[in-house]
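Note that the chains are named A, B, C and D in the order they appear, and that numbering of residues resets to 1 at the start of each chain.
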Amino acid sequence: MSEPGLPLDDLYREVIIDHYRKPRNRGTIDGARHVEGVNPVCGDEIRMDVVIEDHTVKDIAFEGAGCSISQSSASMMTEEVKGRTLGEVEAKIAHFRAMMLDGAEPAADLGDLEALQGVTKFPVRVKCAMLSWNVLQEGLEPSTTPA
Amino acid sequence: MTLLETRLAARAPIDPRRLRADFPILDQDVNGYPLVYLDNAATTQKPRQVIDALVHYYENDNANIHRGIHTLAQRATAAYEASRVKAAAHIGAQPQEIVFTRNATEAINLVARAWGDANIREGDEIVLTAMEHHSNIVPWQLLALRKGAVLRYANVTDTGYLDFDHLRSLIGPRTKLVSVAHMSNVLGVINPVADIAEAARAAGAFLLVDGAQGAPHLPVDVESLGCDFYAFSAHKMLGPTGVGVLWGREGLLATMDPFLGGGEMISLVHEDMSTWADLPHKFEAGTPNIADVIAFGAALDYLRDLGMPAVRAHEMAITAVAIDALSAIPGLHVHGPKAVEDRGGAVSFAVDGIHPHDMSTILDSYGVAIRAGHHCAQLLMRRLGVPATNRASFYIYNDTADVDRLTAAIREAIKVFA
Amino acid sequence: MTLLETRLAARAPIDPRRLRADFPILDQDVNGYPLVYLDNAATTQKPRQVIDALVHYYENDNANIHRGIHTLAQRATAAYEASRVKAAAHIGAQPQEIVFTRNATEAINLVARAWGDANIREGDEIVLTAMEHHSNIVPWQLLALRKGAVLRYANVTDTGYLDFDHLRSLIGPRTKLVSVAHMSNVLGVINPVADIAEAARAAGAFLLVDGAQGAPHLPVDVESLGCDFYAFSAHKMLGPTGVGVLWGREGLLATMDPFLGGGEMISLVHEDMSTWADLPHKFEAGTPNIADVIAFGAALDYLRDLGMPAVRAHEMAITAVAIDALSAIPGLHVHGPKAVEDRGGAVSFAVDGIHPHDMSTILDSYGVAIRAGHHCAQLLMRRLGVPATNRASFYIYNDTADVDRLTAAIREAIKVFA
Amino acid sequence: MSEPGLPLDDLYREVIIDHYRKPRNRGTIDGARHVEGVNPVCGDEIRMDVVIEDHTVKDIAFEGAGCSISQSSASMMTEEVKGRTLGEVEAKIAHFRAMMLDGAEPAADLGDLEALQGVTKFPVRVKCAMLSWNVLQEGLEPSTTPA
């Protein structure tokens, strides 16, 4: 078949397929703060365990089911936030949102996550990329009761 | 009916290439490719004749109906009521038994409220199946919650059939209603409605058939099905959005309280109480969707001219081709029955390692429109053990070239994830 | 606002002769005469722009919305949601507070079920007026019947106004809801909604405004009206049949249970219970009337471009001319207020010795379409002491030549019965 | 104004206007069998008192409200049935129905009622002409309880 009419290569970048096939930080953490989220429209799920100590994300793990975008986004996100201070993580969340929702260029602190910029050319898939970030945000809120 | 028998019953075979000329939307490129529309179980496209009927109505006859004496009101009323006669004919019913609603969903809700609230009591049971669309689940959940009734779900077999023995075992003295899809929008399987009707009747229970996927694809005769209610949507059978049909046995509809109150459905209004109009107007409160009901008449004419046996024969033929072609793809698994005698043209499938949303995005980039998701059948998704399925669904204007485009695009998707 | 103030607020005055070019239906002969359409309170005609939007949708974008990933589904979803934004803007509301229904009638029934069933108890009172349309009476009668609540009706004065003092006297500690028409479809009178809202709020009662005759004819801002719900119909404001709008305060809608169950309105479905989608989808079960909602967007654009102050100014002007011309006919009596500041363009009248049905038949034979009957307001007919009225109702494409044709035809009718 | 495009003269024949203005047999009859009917769509009402003796409509009277067609039809009908045997009345009802609903030519026994034939050119008005006849039919049924 000839080239598709949409920039599929921008969407399914090598690093995304890689994280989808081999998710990093997959699993659960005993005694961690547990948060989860579903995208009811498409059924994608993310369950996340976060350990916060000394204003730092000491550990993080996730499980989930869904499309390559939602799952690779979660996997890359865990890599990028693990060991970071809450301030750094909040900044990353803000930068990721800006890239995905407001069309901003990827900020330097996003690392591999930059690969998800291509998703913005597929507007219905943006919510897939955002799911794990919304769950993370909830995990950082003080009101969340630890598991 | 076997494919051969169905073909013989069909007046003339359907020629999808010729029909496509009636569907202006199909003649477009999507993402650089000619559109292949395979999302017909969600909604079908509309022939020129239906669009023209809308335009003709608004350019010539538009008026509010039933109460007007002036010429436009007379024309609009006559055209609206003519569609009721056609809808009745489509399913072998009487016009006064046809209630126009917004969609199949509202038709089912109407029964849940207007029949259910008066007839369901604490401990009563309603039997559904695990393959039902949310529209045939949630109205009964809400009713069960109001009344303290209990819902029971008949199993789906591993091969994608209704487990009829299980269903029958669920029907007992407390069963007041059985409500099943005529055809599953996910598995494509056609349920044995006449047998279910017999089982329901033997237990003194009523039977509602969710015909959202029945009326568009199968010859339907409510008398021989033996059901008590039959619900369907115009938009899934060439008609406009915004029109549904509830058929109910006249005697049953007559005993039911109204659902919505307002203009059109009353006879006399007093301060404290009112009296109701005759059937079917009792159930059509407020200004109806006049234009779309009239345009739905044009869709029913179109299907009548093709003949439902011919529609069925065409779908069996293309579904057979599609299932063969899909099954030949390594790592692809078709859900639901393989025998086309037992199923319609909604073909769900899974591809190893590729989530349906990714598949749908990739297919779309090649101009192929399928649906990916839970198809409003979350219970069935859990039963199948999948979060979602890919679904290609066929209608009268689809042909084997569309199947070729579908399978070629799936092979491209497999390469992306290889 | 006085006529002058309204005129000043209008961007540019409406030129009905120019607008008529947009309305293909008006360019026809009925019974040998050019059509004069004066049945706008029943339903209005549709401009080319609305008809084109329907055709464009069905020829290019038709797909089921919200769950589809393919291109057509994305386009259809975006266009559908764009109409929600426009409907919100038309009444000064937020998009998530806009629920699309079939018509104003269904919008009111939605409140009666989804809010009423949870909030109305035995002995609670609902205050209406004697000029309400059946669509704003019967849903409350049915609710009252379910819950043992009591309906109270505010009087109409001899000059065709709401008796506000009487209404206020009916609102008391047991009042849970007040529900009034923004504008009467028979008397044309505009009710003092802001004052009614104040009286309701003081008693802790909610206020629903039946805006079926408000939204098409008046600049509406739900915040300054101070109501809690506002209901209207697209077909009475240039839009297609089959679309209504319920606006509700977000906080209020959020606390309400769903009305209809099915696809689109759920979040998660389990065997026994389900969770609901966010506002406003929680209230839109099943496939919506996608095409007509989108075409309604074109109607809202059309009205926005004219400007509602200009629409109002035009209607005040033509209503003033009509009331003068009608009042000059011997034996003719106009119901309702004469001052155009207090009323819209629905003008009911009686002619000595001629029953409205005879009048309507004779006018129709001269190509003049008016409505004759009880106008779904039987309580008001009893209050007026008539079985029916004649009603001529005006909209943006009507001009003084139409008034001339109307009065000439009435004089012919008087000759027939002389 | 020029001639209307519909045959108004056929609808509003002189005799119809005359019966509408001066209805015959208007009133009530003490002790008679009472029947009534409303046309809910348009609100026309007919209340009728019928005295049947010796298989004959001995007396009949009506009251009502509505359009010229419904009221004149009632008035003419009372004139045509008063003093007639039930058999004759049933025949008239059948002939009237045939004229109004099936497009039959007026039968000889319809007398002035022939004037209502023009109503058939105005289909929405046919139900007006039929109202009093449906009420009469009910008044003849044995099950009707006397007032």
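We take it that contacts are C-beta pairs under 8 Å (C-beta built on N, C-alpha and C of every residue); 3 or more make two chains touch, one makes a residue touch a chain.
The structure presented is a predicted model; accordingly, all values stated were derived computationally and were not measured.
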Geometric centre distance via CA averages, chain B-chain A, whole Å: 38
CA centroid of chain B to CA centroid of chain D, Å: 48
Averaged-CA centre spacing for the pair chain C and chain B, given as whole angstrom: 32
Numbers and ranges of chain A residues touching at least 2 other chains: 41-42, 124-125
Residue list for chain B, restricted to those that touch at least two other chains: 30-31, 67, 69, 266, 268, 357, 361, 364, 372-373, 378
Chain contact topology (line, ring, star, complete or other): other
Interchain pairs in contact, sorted by label: A-B, A-C, B-C, B-D, C-D
Chain D - residues contacting chain C, complex: 1, 4-6, 8, 11-12, 17, 21, 41-45, 65-69, 122, 124-125, 128
For the chain A and chain C complex, residues of the former touching the latter: 38, 40-42, 123-125
Of all residues in chain C, those that touch chain B in their complex: 24-25, 28, 30-31, 35, 37, 39, 42-43, 45-46, 50-51, 54-55, 58-64, 67-73, 102-106, 108-109, 112-113, 133-142, 145, 151, 153, 233, 235, 240-244, 258, 260-266, 268-274, 285-292, 357, 360-361, 363-364, 368-373, 376, 378-379
For the chain C and chain D complex, residues of the former touching the latter: 29-33, 353-358, 361-362, 364-367, 372-374, 378, 381, 387-388, 408-409, 411-412, 416-417
Chain A-facing residues of chain C, complex: 66-67, 69, 74, 266-268, 277
